[in-house]
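Each structure below appears as structure tokens.
Both complexes shown next keep subunit A, but they swap its partner, so subunit B is in the first and subunit C is in the second.
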Partner chain A sequence: MIVAELKQISEIRKMIDRYSSILVVGCDSCVAECASGGNRETMLLAAALRLSYKNDNKYPIITVACLDRQCVDDFIDRIAHQVPEHEVVLSLGCGAGVQALARVYTDKPIIPALDTLFIGETEMRGVWQENCLGCGQCKLGYFGAVCPVTRCSKKLMNGPCGGSKNGRCEVHPDIPCGWDMIIRRLDALGELDRLSEYVPPVDWSTSHSGGPRRVVREDQKP
Partner chain B sequence: METKPRTLVVYYCRNLRLFKNGEQKGFARSLPGLKLVAIPCSGKVEAHHLLKTLAGGADGVLVLACGEKACQYLEGSMRSRKRMDYARSWLRQIGIEQERLEFIHCPPMNREALEKTLKEFMSRLESFGTIPASAQVKTS
Partner chain C sequence: MKTESRLEKVLQAGHFAVTAECGPPKGSDVSRLEEKGQLLLGKVDAVNVTDNQTAIVRMSSVAACSILKSMGHEPILQMVTRDRNRIALQSDLFGAYALGLRNVLCLTGDHQTFGNQREAIGVFDLDSIQLIRTVRDMRDQGKIIGGDNIQGPPKMFIGAAENPFADPMRWRVVRLAKKVEAGADFIQTQCVFNMERFDDFMRQAREVGLTEKVYIIAGITPFKSPGMARYMATRVAGMDVPEDLINRMTGVPKEKQAEEGIKIAVETIEKVREIKGVAGIHLMAIEWEQKVPEILKAAGLENRPFV
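Our next item is the complex of A and B:
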């Protein structure tokens, strides 16, 4: 899922202060799971904005809506009746959600309320861990399903760097060493032999270095 | 000319058994500006409820919860305290006194302790004034 964080209210205010009616739109998918843009957080941000404006003796119209997904047109259409009634849409979707709204509602300013961070998993309640960079050529099968591209700070593909201590990365002791995890897991699975195979360096042309990516499947098209 | 009393909203856990049936109305009348809201567990109060209550006109919000180990729903009381801290962090961002939000583990069935807490909190709210500060509402 996409992991994001709510922006500081001062930054949001800076972008929306010029408008007198604001539609705050949440997204009840990935960003709800990471407690940054779901229904609850949408209500929280709307309440915080009302309070913040009230503190400045200003009273713009603030309306709350929450979509099941902000990155799919079928869901985006559900706020079609509310968007024209407001001067601006404040989106609690990820970067993709914000841009999808902008593509559909071409005449309306769409402002992001979140900082989109990474693709990750919920490690435990309140802890989200980055574990996929979207490099475009998944090699998890070689590494016991631990990604060296994201979990190794140096993105090494053929073994540890030698700088880790007690299973922690030398970049920061809070970071577990990706290669320590890879070796322990493959050892537990009895598949350490997989590491004897040489893995070529990552071809970054399939990642973002190759420009914006696009997947087209004719069988899925209307 | 008399200054309008501060509005204090109290969310209290029903399991504290602070009031017998119907008693809370009389109790709320005894302290002007006090609004009592019974909730099944303090854990039901989310950060957005707290901010919405302040945005809706309250000058302060108090959450009365059972002790952490006494929560009937195990984690409700503990989670409520964390949410209160989170809501306070929003008040700091906005520039409003975070002490307008208060969380207390209240001893069950202890009305005297409750009255003392409410009076102390009310007097603290008096010192803060209204939100916004310029909106001092007065009645003649």
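Our next item is the complex of A and C:
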């Protein structure tokens, strides 16, 4: 899923203060799972904004809506009647959601309320971990299902750097060394031999380095 | 001989090699670089020129190498993959060779968050092992990545770094083997303080025949002060400084501390010379280059071979 975090109210206000009616739109998918943009968080943000404006003696119209998914047209259409009644849409979707709303509602300013961070997993309640960079050529099968591109701070493909200490990354002691994880896991699986072979330079053309990516599948088109 | 490198000649002739580090200035001040270079001239077989070490912006390594070369030095161009993609790295290798440089040390580099440009993008298009292979393919096959032919291929003597003190411990020799397999001709190690662990690393390297395939040069860094010893123990990535060395530094009066640091360095040199498979030392006297001649004299390494 996509993991995101709510921006500071002050930053959000800087972007929306010029409007007098705001439609706050949540997204009940990924960003609900990471407790930043779901139904609950959308209500909370609207309340926080009302309070913040009240302190400044301002009373803009603030309306709340929440879509099941902000990145799919079928869902986006469900706020079609509310959007024209507001000057701005404040989106609690990820970056994809914000841009999808802008594509559909061409004449309406769409403002992000979240900072979109990464593709990751819920490791435990309240802890989300980045573990995929979407490089376009999944090599997890060779690395014991631990991604060197994502979990190594230097994207090393041929083993740990000299900064790996006690299973920790040189960048920060809170970061586990991705290569330490790879080696431990392959060792436990009895497949350490996978690592002795030289891994040639990565083809980054399938990653964002090749430009914004797009998948077109004729069999899925209407 | 694979190259025209003077360092390769020294090592191949079986001399115990001495290299030293010379960090370029944080600016375009040539006189500072020349001063440092002058201190090391004739004292070492080759001089390593660091590439924005610890991710702090300094004069480009290629430029500094070229200046040192014009002084009569044999430079080792350090190249990190942190800041440049494969286009820039390969292009700089062409340029470096054209300027007369004959040695390159292939590194990944400290992460950019260590330095003074913490908000920079980290490139890491290649890793150090892929860079080693790239330089070897340039030399031995005359080709760049992707297979295009080179007009006048650079023929570099290829170095790599290895940290015998990083974890996972049993992985270090596997990684060394990978570097040798990729094309490393010589290895310069992280600073040796933990002699027991270094000895063990060398034993493992000998057991798998690596000391027959690659020249291993042991890193030596003298402590200027107990503060520096402690800083290196706790703040520098990949360092292993045993507590007893820190205690030795703190145990002497202030005016004797620098002397003690040099004494430890000389003892370390003597110990690594005893270890089979160690082909030389690499002195990293950080901002203390003026002490290099003294250390080498005390270690009996002041006379450099003429090759």
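Rule of thumb we're sticking to: the second predicted complex is superposed on the first by the 222 of 222 C-alpha atoms of A that agree within 3 Å, B and C clash if a C-alpha of one lies under 4 Å from a C-alpha of the other, contacts with A are read in each partner's own complex, and residues count from 1 in each chain.
Note that a contact is a pair of C-beta atoms (placed from the backbone, for glycine too) under 8 Å apart; a residue touches a chain by one contact, two chains touch by 3 or more.
Remember, predicted model here, so these are calculated numbers, not experimental data.
Overlaying the two complexes via subunit A leaves subunit B and subunit C side by side, clear of any clash.
After superposition on the shared chain, subunit A has more residues touched by C, the comparison being subunit B against subunit C.
When the two structures are aligned on the shared chain, A:Ile175 is found in touch with neither subunit B nor subunit C.
By the touch criterion defined above, A:Ser52 lies against subunit B but remains apart from subunit C after alignment on the C-alpha atoms of chain A.
Our angle of interest has its tip at the CA centre of subunit A and reaches the CA centres of subunit B and subunit C; in the overlay it is 120°, to the nearest 10.
Measuring only between alpha carbons, the smallest separation of subunit B from subunit C in this overlay is 25 Å.
Residues 46-48, 51-52, 54-55, 90-91, 93-96, 131-132, 134-135 of subunit B are the ones that touch subunit A when the two sit in their complex.
Residues of subunit A that touch subunit C in their complex: 153-167, 170-172, 177, 179-180, 183-184, 195-196, 198-202, 204. Subunit C meets subunit A in the complex at residues 82, 86, 108, 110-111, 113-114, 122, 124-130, 133-134, 145, 161-163, 166-168, 171, 174-175, 177-178, 181-182, 190, 237-238. Residue ranges on subunit A touching subunit B, taken from their complex, read 8-10, 40-41, 43-44, 46-48, 50-52, 54-57.
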